[in-house]
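Letters A, B, C and D mark the chains in the order given here, with residues in each chain numbered from 1 onward.
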Amino acid sequence: MTAEAVQTQQPLLRVRDLKIRIQMDNGVMNAVDGVDFEIRKGKTLGLVGESGCGKSLTSRALLSINPKECETSGTVAYLSSSEPGAAGKPLNLLSLDPNGRQIRSIRGRKIAMIFQEPMTAFSPMYTIGNQITEAILIHRTRNKKEAKKIALEMLSKVGISDQEKRFDQYPHEFSGGMRQRAMISMALSCNPELLIADEPTTALDVTIQAQVLELMKTLQQEFGMAILLVTHDLGIIAEMCDEVAVMYLGKIVEQAPVKEIFHNPKHPYTKGLLRSMPRLGGNKSKRLDSIEGAVPIPVNMPPMCGFYERCKDRMEGICNAQSVPATQISGSHTVRCFLYSDQHGGE
Amino acid sequence: MLQYTLKRILLVIPVVVFISVIVFYIIQLPPGDYVSNYAAEMSVAGEVFTQEDMDAMRADLGLDRPVYEQYFIWIKDIVVHGDFGFSFNYNKPVLAVIEQYMGLTLTVSLVTMAFQYLVAIPIGIYCAVKQYSIGDYFFSGLSFLGMATPHFLMAVILMFLSYTWFGDPLLGLFSAEYVNAEWSMAKMIDLAKHMVIPVIVIGLSGTADLIRVMRGQMLDELNKPNVVTARAKGLSERKILFKYPTRAALNPIVSTFGWSLTSIFTGSTITAIVLNLPIQGPVMFNALLGQDMYLAGTWLLFMALLTVLGTLISDILLAWLDPKIRTEFRGT
Amino acid sequence: MKQRKALAVLFVIISIIAAGCTNNNNSPEPSSAAGESNNKPAVKEEGPVGNGTIPAKEAPMLAGLVSAGSLPPLAERLPAQEDVMVEPVVDEIGQYGGEWTMAWTGPGDKWSVGQPTEEALFRFNKDGSGVEPNVAKSYEVNENATEFIIHLREGMKWSDGVPFTADDVMFYWEHMLTKETFGKAIYDAYYSVDPATGDKALATVTKVDDYSFKVVHKYPSVQFLERVAIDNKWFFAPAHFHKTILPELVGEAKALAIAKEWGFEDTTAFLKETGYYYWIYPQIPTLRAWVAKNDPNGDQFIMERNPYYWKTDPDGNQLPYMDRIVATKIQDPSQRVLGTLAGDFNLSTFGAQDFTVLKENEKKGDFRVIPWQQPAWSTLGIQLNQTVDDPNLRKLFQDIRFREALSLGVNRGEITEIATNGIADPIQASVPEGLIGYQEGWADQWAAFDPDRANALLDEIGLTKRDKNNFRLFPDGSDLSITIMDSSEDSANYTELLKKYYEDMGIKTNLKIVDQATLQELKYSNQVPASIENISVVNVSFRPDTLVPLRVLTPWYGQYGLYVSSGGKEGVKPEGDVAKILEYWDQIKAAGTAEEINRLSSEIVKIHMKNQWIIGYAGPTPTLIAASNKMGNIPEDMIWADEFRSLGAAHPAQFYLKQ
Amino acid sequence: MKLLPVFGKSTVVKPAGSNDVNYSSQWRLMYLRFKKHKLARVSLFVLALLYMGALFAQFLAPYGLQNYDSKYVNAPPMKLRFVDAEGKFHIRPFVYELKSARDPETMRKIFTSDTEKRYPLQFFVKGESYKFLGLVPATTRLIGVEVPGRIFLLGTDALGRDLLSRILLGSQVSLSIPLVGVGISFVLGLIIGGVSGYFGGWLDSVIQRIIEIIRSFPTLPLWMALSAAIPPRIPVVRMYIYIVIIFAFIEWTGLARVVRGKFISLKNEDYVVAAKIAGVGDAKIIVKHLLPGFISYLVVATTLAIPGMILAETAMSFLGLGIRSPATSWGVLLQEAQQIDNIALYPWKIIPLGTVILTVLTFNFLGDGLRDAADPYKR
C-alpha cells in the first residue's frame, strides 16, 4: 500500500458535482447529490456506504449505464491520454450519447466493470467463453480464434485451470468464486485503464473473498489499472484501497487516504461505521455497535445534514438548517460535517 | 437426456390407454347412438324408419354389443391392423376421413400460428422496450380487444362486414369455382383472400396471449443484471436486446409450443363452423353430434395423444433450452 | 295472407280428386283399357309426345362431345321419338348452360339434391291432384284395380347409355326389393288387403315384354300408383350395375371385397347406400337429369347433366337446361342466408323465419323470394303424449278439458306476431282449407285468448292446489309440470313465450333441448311428455303415420304406435277415439273405391278435430324459395310437401339461367 | 434505445412514499404499487361499477326479463331527447312514443316516433315488482316513463324485451358465476399443485399424469352427455352453475402446474431448507414460508382467469349448453346477436358485446396492475 504516493499520481477520472435525480410519485429523489472525487491511475479508490446510499448508482453513472429514469448531471472527466475530448480538453463521459458509439468504445475497453452477483451478471443462456469473447470481439479483434486465445489466456490468468473445457461451460457449472474470476477475466480481457468493481465479493464466502481480492490486487499490479471499489465492507477497504470515500445519502461525507480514515475518522458516520466493524481481538462478549435509526429517503429533503436524525453529535439549528459544505481537514482529507466547519461559527 | 425422454415416453403409454377408455366411455355417454341419430335425420327428410330397421342397422354396425366389447374390438383393430374403424357418416374408413381434411387443416393452423408468432413476438418486444408508450398501449389494447371478443361473434361480424363492403362474405376457404379446381396461382390468391378472416379471428386471440407473455418475459429479462453486464461490455443496445433478453424471453414461448400442438389440428372449432372452414374441428364436432363414434373416438384419442405428447415435447424442449438442465444430462 | 285463399281453391280441387285419382284419370277408358288387347299402348300419355317436325337439340356442352366422337348423337341417346317425354315449361323455353348453385350440409343432406332430381315411375301432377306417368310412359288398369300393366319408354337409356327396359324393373323386384337388400322392408304399396279378413297379400310382378310389365294384386288396390309414388318412387334399378355387386349374384366374399374397394366396412351399408341412396354415387347410372360427378363427402358436390336424359322441352330441346348442380357444403344455417344474399347460391329454400332478411335484401342480392304454401296444420303448437309414463300426467293429458285450457290460455296474436314475425295466422291446428278433411270453423276452435276460462277449466279438473311458487299441483299434492322436449334452439322464442303463458296459468313448464339422436331415443323410451312438432300432411291416406298411431313417430300418440307396430307385444293399447282411428285406417287399407277412402280419411281427421291432441298456436307458414332473378321457369303457386317431392314438384330440369 | 430499470439488489430501494416503506408488508407494497397503475385503478373502478350494476340490477333495469311485448319487437334504441319537434327545449329529457307498423312487403317491423306523445324520463318510478337484492319485495325502479309509454334506451330484442334491462340483469349471472368457477379451480390448483410440487417423487409423478389425463379429456361429449343427463326440472341457472363447477374441475390443471413449478423452485431456497432442518412441519412450511412467496402471483393468475370464464360462458351458449332465456346472461345475448339476420337488420343487438369486452378488458388490466404490484422489486 502506497498511501504516501496517492497525491502524486495522475488522476484518470475526475468526477465533479455528480447528481442523480429520480422522479418519484411524491417528489424528486436526490439519489446522488453532488459527488466529487478523483480516481488516479493505477490506484484504488474505495467507495463505501450502507445500502441505498447511492454508491452503486454513482459507479454506474461513470459509464452512463443507469436506467433512463436517472437524470444525471455533473461532469465525469476522463483524462486518459489515449482518449482526448474535443479540442484537447478532457472528455466528459456524461456528455456523450449513452447509446452512442463513443461511450461504447470506452465501456469494456477503457473502463470495465464487475458486478456483485456473478450468477445473474452472466446470462445463463450462453457459455462463459461466449460471453468473455464477446467484449474481445468488439474491442480487440474480429478474429474469433484470436479472441478465444485471448479469453483462454485471461482465464488462466485469473486462475481457472482446464480453461479449454471451462470455456465451453455455462455459468451454472461454475462455483461462485469461479464465476467471479471469470467475470474478472472478462472485465480485464481488454486491458482497461479503470476497473469498476461493484461489491465484487459480497456474494462470496470469506475464503473465496480473500482469493478474489488477492487476484484483483495481483492483476492490478500486472495491468497497472485503477480500481473503483464499491463496497459496504470496511475490511475490504482496508485491504484493497489507497483512498476511501464514505458515502451517505447521496453525498460523500468523508474522503481521505485509507490510513487516515481508519486512524483518524472525522465524520460521526464514519466513526459509527468503524465502530460497527468487527475487530480481531475485540471483546467477544460485547455486542457490536450499530448506528441507530434507518437511512431516510432522500425525497424532497430540505437542505440539511442527512445524518442529522441518527447523529450523536448533532447540533440543532445548525445541522438541520442548512446544507453541509465540505471541509478540508488536510491535503487529502475532506469531511462534510459542521463539527469541522468554520461556517457554523457564525451563529 | 435420452434416459429421461425414454422414461417420459414409457409413462405416456398407460396414460394414453387410460384416456382411450375414458374417451370411448364418454362418447357413449349421451343417450342415443349413431343409428337413432341417423333415423332422426332421415325422418326429417320424410323417410320411414321402423324399430326393426334400426335394430338391423345396429346389428350391422356392431352397435348392439356391450360397450366394453365395442371398445376392445376397436382397440384390437387399432393395435393389430392399424385400423381405426369406420366412419358411419362418411361411409369411409376413419383414417380416410381424417386424411381428407388434414391438408387444409394444417394450412389454416400453420398460417394462423405463423401469423401469431410473427406478429406477437416483435410486438411483445416492442411493447416491453417501449413500456407505457403510446405504441405499447395501442398494441396491448388491440390484443386485449382481440382476446375479449368472443370468436364466433367476431367471425360473424367480419363476415357480414366483408359482405356489405365487398359483396362477398368469404365463406369457406375457396370460392365455389376453385373448390375442385387444380392448384393454380388464382386458386392460391383465392385461398389467401379467404384466409384473412380466419387468421384474424383465430390468430388475434392467440396473438393477444402471446404478446402478453412475451412482453412480460421481456420486462423481466430487461431488468436482469446480465443486461447491465452486456452494456458495460460496450455492446450496442440492439445487440444486447436480441442476444440477451429476447433469447431468454423466447424460452417459455418456444416451450409452450408443445402445448399448442392440439390446436394445430383442431383449430378453433366454433370459428370454423361459423366461417364454414372445411377443417377437422367441425368434422369432429359433427361426428360427436351425430355419434359417429369411431371417427369421434379416433379423433379424441389422437387429440389426447397430442396433448400428452405436447406436454412431453414442452417438457423436453424446456429442458433442452435450459442449459442448466441440458448440461446436467450431458454430464451423466 | 292473401295467398292462402288462392291456394285454398287449388286445394279444393285436390280434395275432390285426390284419393280417387285413378278413377278420374282413367274415366274416359277404364273399362276399355282392361278389355282391349294388352299390346295396344298408350292408354294415357302425359303431354305431347315426339313432335316429329322439330329435330331435337342438345346442350352445347354435349354437342361438343358428340362432335368429338366421345358421345353418340342425340337421336341415339333419346328414347324412340314418340316415347320422348315432353316436359312443359313453366314460363318459356329456356337457354342452355349455367349451374344451379346451392348449399347443402353434406351427404346427410342427400335428399336436398335427391328430391329435386328424383325421377319416379309415377309422379304427382303439378297441382298435386293425382299421379301421372313419368319414367313410365303409360299404364292400364282393370276395373277392380287388381291388375296394372305399366308401359315403359322404348329406347330410353340409363345415364351410362345402357338401355332401360322392363328387365331393370324385374331385376329390382326380384333381386333387390323382395330380397330387401337395401335396408327397406317391402313397401306397403305392394301389399293388398282383404276387406273382409284383413289378410295381407304381396303383389306379383311379371314382365310382359321389353317395355311393359304387369303388377297383379290379390285384392283391389285403388291407390296403388299413388302409394308407389309415395312409398317407392322408383320401381326399377340399373340391373347391369347391381348385377356386379349383389352378394346373391357375385357371392358374399366378392361382394364384400367390392364393398371394401368402395371404402365400406360391410356389405349391408354398401348395399343400402348403392341401392337406396344411389344418386350421390357417381359410379351408379341413374335416370335423373343430373348425375353425381364426384365424392359427396367433399366440400363441393357436383352433379352434371345426364347426356341420356329422356325429356325435352316442347321445342324438342333435350333437358335439363342447366349444366350442373353445384352443392357447396355449409356448416351453419346462416351461411345459406349469407351465401344467398351474396349471390353464391342461386336457388335455395328457407323457412319462414328468414323472410324479412331475405326480402330486405332482394334487390341488393338480385334474387326473388317465392313462397310455397305448406300443407301444415300449424307451425307452432304442442303435442301432449297421450301415453306419458306418469299416471297423473297421463290422466291429465287425456282430459280434453286440459287440452282446451292449454289452447285457450295462450295469446295466439302475440305468438304469431313475435315468433312468426306476423306471417302466420293466429289459428288452431287444423287441416288447411282445400285439403281432405278440412272442417269449417276448426281453425277457430278454442283459438281465442281466454285465460279466465282456461283457469276455470283447470280448476274444474281439480288442479286447485298450488305450491309456494303458485304453481298448480295434482289433487294428490304431487308436483305437476309439463316438460317440452325439442332438438334445436330454433324455436327458442316460441317455447319461451309458451312457457310464460302456461306458467301464467299455474302450469309449471320445463323445456329441455337435446340433440336429435337423443330425442329419437327418448321417443322410443316414452320419455317425451310434450313436443312442439307440427303435422304437415297432404292426405292422411297417402301418409298416415303422423295422424294414425302405426309406429313410434309422432309424439302425441306415444306408445300407442309401438303397440301397433309390435303387434300388441309392447306399448300401450289404444282405446277410445284412438282405437277408432285405427279402425278407420284398417278400413282405408281395404277400401274398394276412392270415395270410400276419402270418406274414411275425413273421419280420421274429424276425430282429431274433436280431440285436438295436437294444439296449434299459429297457422302454417310458407316455405321460401330464394331464386336468383336470372333463374327462370320457377312456378310460384305451388305446395311444398314431401309427398310431392318438395322442390321436385317444380320439375327443376326445366329451370334455366338467363345468360 | 435505452433499456429499463436496472436495480441490482444492492441499489436503492425504490421507495414509494411513506417513511416506513422499507418495513412495509408485502401487501402494503402491493397496494402502493397498485395505486401507481392508473389503468388498473380505472379498471377497478369500472369493475366496481359493473358489480354494483349487477347487485342492483333489478332496481336499475327499467323492465323485467319476461316483459314481452309484441308491439315492440326488434325496436331500435330510442333517443333520449331534450329538444322536441317544435324546437322547444325541455330540461327533463324525454322520449317519444314509438309507433310500430309492418312493412307489408318484407314484414319487417317499422318504428316511427310519434312526436305528439312525449314521455319525460322519470326517476324512482313504479314498475314491475321484484325482490330488491333478492330479499325485499319492491316495485320502485330507477328510471322509467309514465305508462303506457315505454322506454328502450338500447332497443329491444326479438321478443320485445328491453335490451338495457337484459344486459343489466344478465350481468348478475355473467359476473358472478365465473367467480365460482375460478374460485374452485384456484383452490384445487393450489392444493394439488402444491402437494405435487412440495412432496415430489412418485406423488408428483402420479399427479402429473392425472393432470395430463384431465387435460386431454374430451370436454365436448362430456357437456353433451351432461346436458342430456341433467333433469329438466332444474332451473337453467343452476344447471349452468353445475357446468361451471365441472368446468372448474378441469381448468384447475393449468394453475396447478404453475403452483407446482413455484413450489419446486421455492422449496430449495435456503430459508425453506433452513426451516426444514429446524424441524418445522410440512404444513407450517407451506403456509408460513412457501405460500407468501407467491400468493400474489396466484391472485394475479386468478384475476386473469376470470375473463376466460366469462368468455367460456359465451362459447357455451353458442353450443346451446349454457343459460337459456328467459334467464339471461351475456352469453345468451351474444348468442342471439350472432344470428346473421340480427346483425344485418338489428345491429343494436351487438351492444352486449361492448359490456363483455369492457369487463374482460378491465379484468385484464386489473390483473396486469396486480401483477406489477405483486412484483415491487421486479424480481
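FYI, a contact is a pair of C-beta atoms (placed from the backbone, for glycine too) under 8 Å apart; a residue touches a chain by one contact, two chains touch by 3 or more.
Predicted, not measured: the structure shown is a model, and the values here were computed from it.
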B-C or C-D, whichever has more C-beta pairs in contact: B-C
Centrality ranking, top chain (CA atoms only): B
Interchain centroid distance [CA atoms averaged], subunit B/subunit C, Å: 42
Inter-chain centre distance, subunit C versus subunit D - centres from mean C-alpha coordinates, in Å: 49
Rounded Å distance between subunit B and subunit D, as computed from the means of their C-alpha atoms: 26
Subunit A-subunit C separation of Cα centroids, rounded to whole Å: 94
Residues of subunit D whose C-beta touches two or more other chains: 1-8, 224, 228, 340, 344
Contacts with 2+ other chains: residues of subunit A: 60, 65, 99, 115, 117
Residue list for subunit C, restricted to those that touch at least two other chains: 334, 338, 341, 514-515, 518
Touch list for subunit D against partner subunit C, complex: 66, 68, 70, 73, 102, 105-108, 158-160, 224, 227-228, 232-233, 320, 324-326, 339-341, 344-345
Residue ranges of subunit C touching subunit B (in the complex, touch as defined): 101, 107-108, 110-111, 183-185, 263-266, 268-269, 273, 294, 297-300, 302, 326, 328-332, 334-335, 338-339, 341-344, 487, 514-522, 524, 545, 551-553, 562, 565-566, 642
Touching residues (chain side subunit B, partner subunit C) in the complex: 30-34, 36-37, 39-41, 43-48, 50-53, 56-57, 60-61, 86, 88-93, 96-97, 100, 156, 159-160, 163, 167-169, 171-174, 176, 179-180, 272-274, 276, 278, 282, 286, 289-291
Of subunit B, residues touching subunit D in the complex: 11, 14-15, 18-19, 22-23, 26-27, 29-31, 129, 131, 141, 144-145, 147-153, 156-157, 160, 216, 219-220, 222-223, 225, 227-228, 231, 237-238, 240-241, 270, 274, 285, 288-289, 296, 300, 303-308, 311
Contact footprint of subunit D on subunit C as seen in their complex: 334, 337-338, 341, 354-357, 359-361, 413-414, 417-418, 421-423, 481, 483, 489, 492-493, 496-497, 499-500, 510-515, 518
